[in-house]
Amino acid sequence: MTVILGQTFTGISIGAVLLLIALGLSLTFGQMNVINMAHGEFIMAGAYTTYVLQKSISDAGMSLLVALPVAFLVSGALGALLEWLLIRRLYLRPLDTLLVTWGVSLMLQQLARDIFGAPNVQTRAPDWLTGNVTLIGGADPLTVANSRLFILGLAVAAVVALASTLRLTPLGRRIRAVVQNRDLAEVSGISTARVDRTAFFVGSGLAGIAGVALTLVGPIGPTMGTNVIIDAFLVIVVGGIGQLKGTVIVAFVLGVLQSVLEYSTTVSVAKVLVLVAIVAFLQWRPQGLYTLRTRSLV
Amino acid sequence: MSSASIILRRRFLSGGLALTAVVALSACGAKTDAAGSSDEAAQADVSGDTVKVGLLNSLSGTMAISEVTVRDSLKLAIDEINASGGVLGKKIQPISEDGASDWPTFAEKAQKLIKEDRVAATFGCWTSASRKAVKPVFEKNKSLLFYPVQYEGLEQSPYIFYTGATTNQQIVPALDYLKSKGLKKLYLVGSDYVFPRTANKIIQAYAKANGMTILGEDYAPLGSTEFSTIANKVKAAKADAVFNTLNGDSNVAFFKEYKSAGLTAKSLPVVSVSIAEEEVKSIGSQYLAGQLTAWNYYQTTAGAANEKFVKAYKAKYGEDKPTSDPMEAAYTSVYLWKAMVEKAKSFDPEKVKAASDGITFDAPEGEVTVDGATQHLYKTARIGEIGTDGLIKEVWDSGKPIEPDPYLKGYSWASDLS
Amino acid sequence: MSGLEIRRLRVSFDGFTAVDGVDLDVRPGDLRFLIGPNGAGKTTLVDAVTGLVKAEGSVRFDGEELLGRSVHRIARSGIGRTFQTATVFEELTVLQNLDIAAGAGRSMWTMLRRRKDVPESVVRALETIGLTDLADSPAGTLAHGQKQWLEIGMLLVQDVRLLLLDEPVAGMSHDEREATGALLRRISEERTVVVIEHDMDFMRSFARSVSVLHAGRLLSEGTVAEVQADPKVQEVYLGHAAATEDATVVQEA
Amino acid sequence: MNPLKGSLRPVAGFAGAAVLLFAVAPLALTDFRLGLLAKYLCTAMVAVGICLAWGRGGLLTLGQGVFFGLGGYAMAMHLKIADAGPGNLPDFMQLYGTATELPWWWRPFANPAFALAATVLLPMAVAALLGLFVFRRRVKGAYFAILSQALAAAFAIWLIGQQATTGGTNGLTDIQGFFGYDLDDPVNQRTVYFIIAAALLALIALARQLIHSRYGELLVAVRDSEERVRFLGYDPANVKLVAYVVAAGMAGLAGALFVPAVGIISPAMIGIVPSIEFVIGAAVGGRASLVGAVLGAIGVVWAKTALSEEFPAAWTYFQGLLFIVALAFLPGGLASLAGMLRRRRARQRKATVVAVGEAA
């Protein structure tokens, strides 16, 4: 019983990491239909931001909290720059965007290697994040790591913030208008170019926040982004384009599925099985869990 | 190798395939100039006043993290040797090639070094996979490779010198150490590749013979960074110690998760065989303090040779750069080659091999001796404890260099292994 | 009975009903115009007939049920359509466009060989649509009206028995409209033709019969004169050109 | 247009390529460089398939590594069994495995005819199965690309996990013979090169035939407007499936011939990164042009070897930059530059003709 509960909690915490990574993509890929393979490197930028800040702010907790907004700005600025330099020329060619941004991701990785060195770098986690909370005591205590709870909280906060931005603010309304009908939005006086850039800024900024979170659980190095990017894209594909709720549900479902399968088989087998499950799922719902219905031909 | 003899040394020409008749014609025409010489082993070019050696390391890709440090210490040794007069009066000219963390590329670059650059010897490779990829290249061309990383044993190529530890100089002593401390229930965690799987097979056999129990064995794909489930499994198993053969990035995620799960070096110590000073630096002593490692060398190893090595390395590459076991083995390998060449008075690989037995060198790790029969080194095993300062402090050593035994022939419990 | 036979057709998207129980019969030789204000469900009806959207009810053509079949199977049973915005294969030549349209039934062997000569039907279609001179130009370089003709030509070589045309004369000049109308009239002698159109003048000139859709339902049906006299239609098209004047035009035609 | 010239040009092109590959290259290059060229030509074979599937069919196949690997492993498994000799296990199985006999799924590969057929048919069968699932359900564009990548990753992970039977990360190494011929012998190595060169030319001819056939026209039609094709009575899923399966077969053959040329096949050739690297050559040279894709593929791997010998870090920047420039600013690849030049020349000629006409 403890095992099942424990794995469910583990799954939820894996899901929270996955969600945080995929959330920015749900905006750039899900809403704007841009496949940005350099998203992983924006995550990396967020993680390195934490590392750099910790050099000047010695208190680990303080630097982590400061890193959140700073990483958002750093990665967001990188994203907006990328959008301005390249992506805006490619909105009609999503597959070319994929390959172009893959090239960008290669260059950013090498840049990180040249700046910070090829080896991973370390950050210190604040003491209040290294312990764990006991949920069920006894001989086989069920514990949840503080860092994982922190990430879960961060993911929930980011989802709420993104959802309310999209729903309640003028910016959100503009983004949704552009997603639904670009031409109409343009003639209604919305500067689609500015909306695109802003949306890209926010989506990439969220990657920066994910990067800060990842410093708590994983390595910080030039290749940290590539390790997670495909999983994140799969979350969006299965969740359905343009739907935040799909992303949230699927991130947690895949997290739990992965952790349960890992427990009962091996990590390798679990990874392969999860992929098979995804292909099978797409047979059933080729457009993902939730879809926006449109009447367009393409 | 037995398999080679089965193949007839046939040529396509004599086979007379109709399909390739035209092709064969032009093959004949083209053959005369090149094939005559390349039929034999590629000759090292030692005609000038320099001698070329190859440095074959991944300078890009996932393995670059580790292999660049090896390349750096190889260069350090070469510089030192050149400054003191070179080898047989010739300056060493290193030719560095990037294996790009890709095994077929390693094979390609090894060929280039041997055939195009005509190097006298090659130093490098890190992963077993890259070594397996280049092994036939060195054997076919009768050229020498010095391999500086601890590995899984069960190999003895006539053209490779293994200057890192084999299993009986690292894993077996680590198990002896655990046994002596009364830690008898082990959990095995490793990356999914050759070294951990073979190491764990050896550990299983050792455990069976020594009254230890293995409570679980888990592998994560190379580069995997999600370890919460494995940490849960380890925690639930209630073992005495964890034997860790994870590689690279995975270690960072594993130790962060390990601490989060409330496991400590006191409650459940981890013995790692792939975590050296460089890795400690990237994981953070916050997560590692108190955990154990098994190697033949630490930056803190006592002795004048090591003091000199550490000082020279830091002077050349930076004060914050630690030295580690594979770096030390690489550094040592160049000096060993120099000693062999000088003893043989020739760069010819066959003569160098013949001269190798009994060569000793006062290495940073202590004295090492080449065992000509296995082409491995006598090395001292050392167990270290990671300190809060990020350095590894030695807590036990084998007292004297251990004779290399790559096939574990001297251990009765290992008779089924190969 | 042959021709197109639609019964109780219903199409809904996420709770919104675009076509709400439409019955429609179009006989061979008819040139039926489908009119109605924006959002009346005209295009959705055509989408349903051609299998693009899921629908309830029944759609039969020459006695065969179409609903539930996949798009390409419906196309193979002799039903072709065009789109509001002309959709031709821009990177292929006019000839290649027509050749592809002519070849849905070709064997694997034929497909894997080069086109040695131009099929007879393609030559005829090129003449019919007046693009013989442009046969080797990429379709992307055609003028808007020419693209629409090419689309019609593709339906001709496809040898469909039912043509569903979505605003075929939008953006055409007066002469082009006349030519298109004449072409449609000729085609409709052997086939069933349904045209969605907003252009009332064009409709009055060429329609043999008219169905009016409004809010997903069939509002009125009959000849141009009958439909224009229908007060329900006048109500929907309130503010449009006076019905009486239109009626006289129709009588003259 | 001059019809005679139109039909002669490809023949002349093939003849020129044949002279280059069969006479000039073997005479001009050392054995080592010729071996490298053999490796590059294998990449070019994959690019031929990519040109068909992606350039013509719009299917961004980011999983070609899987098919390359299937072909390579099928070949290498046979060669390993043959190297070991009858009754013996391949060396790595003795080392890492516990089994005393060949696993059941290895056994058929002992038969050379089966193994040879499998190098092409196995990738094609896998592609057909996958394509059937994916295309029928109209999973396309980005979804297809991402699924392909995930597939490549999963296949590599699976192979690595099966160390006792697949050699794990090491892959299958130390291949000594090729159907009884010693690969150590430079003459045989040279013959392997000739086989590869001939196979590449054959694949180019096959792809050319497909591209210029009615099917090739239909494929472009599907790429540009899948829905429209459907309304013409075709099932686009089948049209795409053919291109995907043929491209998979080509990648499989390339993988199979890579094995005797390089002597190793490993999961390092299969995952996400190598799969993308297969695409880059075609993208740089011109995805829709056969000549462009082939030359692009050869050029890019050549640049990789040349540049990474001199400046390993610079290679990464250069590779990234290649992707960006080729795709963002020159979507037709270098081949489109040639096309532009030709058009400009044609315009100039026309202008001259007009001028002459006016003068007269």
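Labels for the chains are A, B, C and D, by order of writing; each one numbers its residues from 1.
Everything that follows uses one rule, which is that a residue touches a chain if its C-beta (ideal position, glycine included) is under 8 Å from a C-beta of that chain, and two chains touch if they have at least 3 such contacts.
Computed from a predicted model, the values in this text were never measured in an experiment.
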item	value
Co-neighbours of chain C and chain A - touch as defined	D
Chain whose Cα centroid lies at the greatest distance from that of chain A	C
Central chain (by mean CA position)	D
Cα-centroid distance, chain A relative to chain D, in whole angstrom	33
Between chain B and chain D, centroid-to-centroid distance (C-alpha), Å	34
Interchain centroid distance [CA atoms averaged], chain C/chain D, Å	44
Junction residues of chain D - those touching two or more other chains	157, 160-161, 225, 227, 313, 316
Multi-chain contact residues (two or more partners), chain A	113, 266, 268, 271, 297
Multi-partner residues of chain C (each touching 2 or more other chains)	83, 87
In the complex, chain D residues that touch chain B	22-23, 26-27, 30-33, 35-36, 39, 83-85, 88, 91, 94-96, 157, 160-161, 163, 168-171, 173-177, 180-182, 184-188, 190-191, 194-195, 198, 262-266, 268-269, 274, 305, 308-309, 312-313, 315-316
Residues on chain B engaged by chain A in the complex (per definition of touch)	62, 64-65, 68, 192, 218-221, 223-226, 228-230, 232-233, 236, 249, 252-253, 256-257, 259-262, 278, 281-284, 286
Interface residues, chain C side, partner chain D - complex	50, 52, 70-72, 75-76, 80-81, 83, 87-92, 96-97, 99-101, 103-106, 110-115, 154, 158
Touching residues (chain side chain B, partner chain D) in the complex	1-4, 6-13, 15, 20, 22-24, 26-27, 29-31, 34-35, 38-39, 59-60, 97-98, 100-104, 107-108, 111-112, 115-116, 127-129, 132-133, 135-137, 140, 154, 192-194, 197-198, 219, 221-222, 418
Residues of chain D touching chain C in the complex	209-210, 212-215, 217-218, 220-221, 224-225, 227-236
